[in-house]
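Down below is the structure, laid out as structure tokens.
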């Protein structure tokens, strides 16, 4: 909450299970290279359909992290 | 990915369980009459409340499918 | 469906589990003081991240209820 | 309110009289071929002007109906 | 126009007659408990359909009023 | 429909009667100085409230007219 | 301009050439089964990329046509 | 950050000085009756003009606060 | 880049050829009476269809120009 | 508040100082040729950057004024 | 379509020729440093005007690519 | 204005003083690692409240810079 500057990036995670799992996968991937991720916001929820069933949930999120000094 | 033409329709599925189940129900229903459904996008997530509890999740999706030749 | 008047309020529920649980928590809380809640609509889905994992899902909903006579 | 699936279509009705008449005309027309229309939502209100007067009100609505089993 | 603070609430009025009547009903209801309502803005116009006719116009408005000292 | 160029302007009409009358008033006023007005689109519907009643309907429209050669 | 009712459908056309060709392809396809198409509006312009080049332009349009009596 | 539920309300503050002062005035007014206000978001910035000068800045904010147990 | 004031107007150009030609036509027309046009932004892309072909591209642009002293 | 008709125009003011000064400059400029400006609404806030500093604030406003009889 | 994570970036390409060329230029530039670009979406189409003619088309796109393991 | 390609990133600056200071802080921080920042656009203005006062202004901006050859 001090005078930090935050940067936002946009990611899409995918999952065969559900929306929450797609979000978690994208955040885990981003955390491998970015420390200081604080929040996300869901921007879009889509999916692929195969044979009348949802094959993948694809959730696009905006992720915010602190720019380090 | 060739010069196909796709059509989009808008459906609302409902479920007493969760958001994913409401989406899957709408896609299953549409697949009974439409072959070639490829993707969906969540347009709106609503629900009905009874006695202080969510009685139904109602999820509106846009569904895309190939127009056959 | 008669000539009732409805009021909408905006709430954010949070949950460590999933999106549906965050919505249900907000509705349960509102129902403690408001009778006649009929529907909700998801306005925004966000969350907090700690150590590369989703710590809280935070879902903002618009809730509609009948104004009593 | 059970596990029905709903479909939405978009129509434009026109009327020389007023907005309500344009909406009612579009719904009457759609009802000739679709049973189970439950609701509508106004998407856009436009009109044509001739000689400085509104000649036609043109109201676009989204109409929702139950997909039958 | 002085340094007053205004609050906005969102209401839905319904009417079997027309859009204006649905708005007026919501404002009359709100005025029973709130003095100092100054303006409204139409947020959404919807309706219920029965037997191919508009059964109720449902108009959602944002209403602004002065917070008293 | 030929290679004409159209210009759009935004106007707000007001009326103590109803939405249609507010639109018609704005178009009549604009037609006094502009020939060739062809269409309008409703951008916003607001109003002023006095003593718990709608005192004025205020409807903002975008108006399109042909630029003359 | 009389009391006709219009219906809108949403299509995506694709083309290896350009945006205009993707639109024209979708309209040609729709015209094979629908008479009375009068207008379209571009809703979204996307594309696929292969080897650093645009492989397909994909343009989504809303198409309006008269419902016949 | 625990399982609290937050409520949002919408206020308009006005000031003859600047945007920040209009926001601060609305928050000070709301804080007189609401404890636990945590954040705000600017929704709209408007103003009144008199004699070619800005007479009042009017800033609408959404304010979030914790619902107490 | 100094303390100039810019005005924006909205125009629709039409062309039987393509989107770029519709934009260029609107700008050429506006330039006949307005000096100092600096930029444009595409607001809407529509068209008329005749016999299953695009008869006219109609592109609405917002145009910005310097108000002269 | 009587049956006046209002017109809206869109302007961008710029200032090296701050947002409020950019708005005031645009309104002062417009007032030189237009009497009866009553309100403005901020549509967009941008700026130019030179050498890592904000060189100009550029604020686009919609301005409303009464059309005289 | 597996559990990949995608990242989106926003670019503006410019061209003296047309919209498609501005998009292609931005994608070619991005492909020099990013492998695995799969799609783009047009976000905004603008341009600069000189002497009553379009001097540059400036098209902003969102570009999606796979984050490598 | 030549055939350069620009990239946009989204940042949030915060300040205890005002909106302009939050924007300037984010741009100063970004300029430490990025040359060629040309413009910004305000995307969102929020803030934190402590004890009925604005503790921090948090302004999210989109920043554009030239991709170097």
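A, B, C, D, E, F, G, H, I, J, K and L label the chains in the order they appear, each numbered from 1.
Just so we're on the same page, a residue touches a chain if its C-beta (ideal position, glycine included) is under 8 Å from a C-beta of that chain, and two chains touch if they have at least 3 such contacts.
Source: prediction; values computed, not measured.
*Asks:* If each hop has to land on a touching chain, what is the smallest number of hops from chain C to chain J?
*Replies:* The fewest steps needed to get from chain C to chain J is 2.
*Asks:* How many degrees of rotation map chain B onto its copy chain F on CA atoms, rounded to the nearest 5?
*Replies:* Rotation angle between the two copies comes out at 120 degrees.
*Asks:* Match interface A-L to one of C-E, A-C or H-J, accepting only the pair for which over half of the contact pairs are the same residue numbers.
*Replies:* Having compared contact pairs by residue number, the answer is C-E.
*Asks:* I'd like to verify one number: the distance from the centre of chain A to the centre of chain D, where each centre is the average of its C-alpha atoms, in whole angstrom.
*Replies:* 38
*Asks:* Quick check: how many Å separate the C-alpha centres of chain C and chain D?
*Replies:* Each chain reduced to its C-alpha mean, chain C and chain D end up 31 Å apart.
*Asks:* Mind pulling the residue numbers of chain E that touch at least two other chains?
*Replies:* In chain E, 9, 18-19, 48 touch at least two other chains.
*Asks:* What is the complete set of touching chain pairs?
*Replies:* A-B, A-C, A-K, A-L, B-C, B-D, B-G, C-E, C-H, D-E, D-F, D-G, E-F, E-H, F-I, F-J, G-I, G-K, H-J, H-L, I-J, I-K, J-L, K-L
*Asks:* Per the contact definition, I'd like the list of chain G residues that touch chain I in the complex.
*Replies:* 18-20, 23-24, 27-28, 31-32, 37-42, 63
*Asks:* Can you tell me which positions in chain F touch chain J when the two form their complex?
*Replies:* Residues 9-16, 25-26, 29-30, 48, 55-56, 60.
*Asks:* Inside the complex, what are the residues of chain G that reach chain K?
*Replies:* Touching chain K from chain G are residues 18-19, 44-49, 51-54, 57.
*Asks:* Can you check the complex and tell me which residues of chain L touch chain K?
*Replies:* Touch list, chain L to chain K: 1-9, 62, 64, 67.
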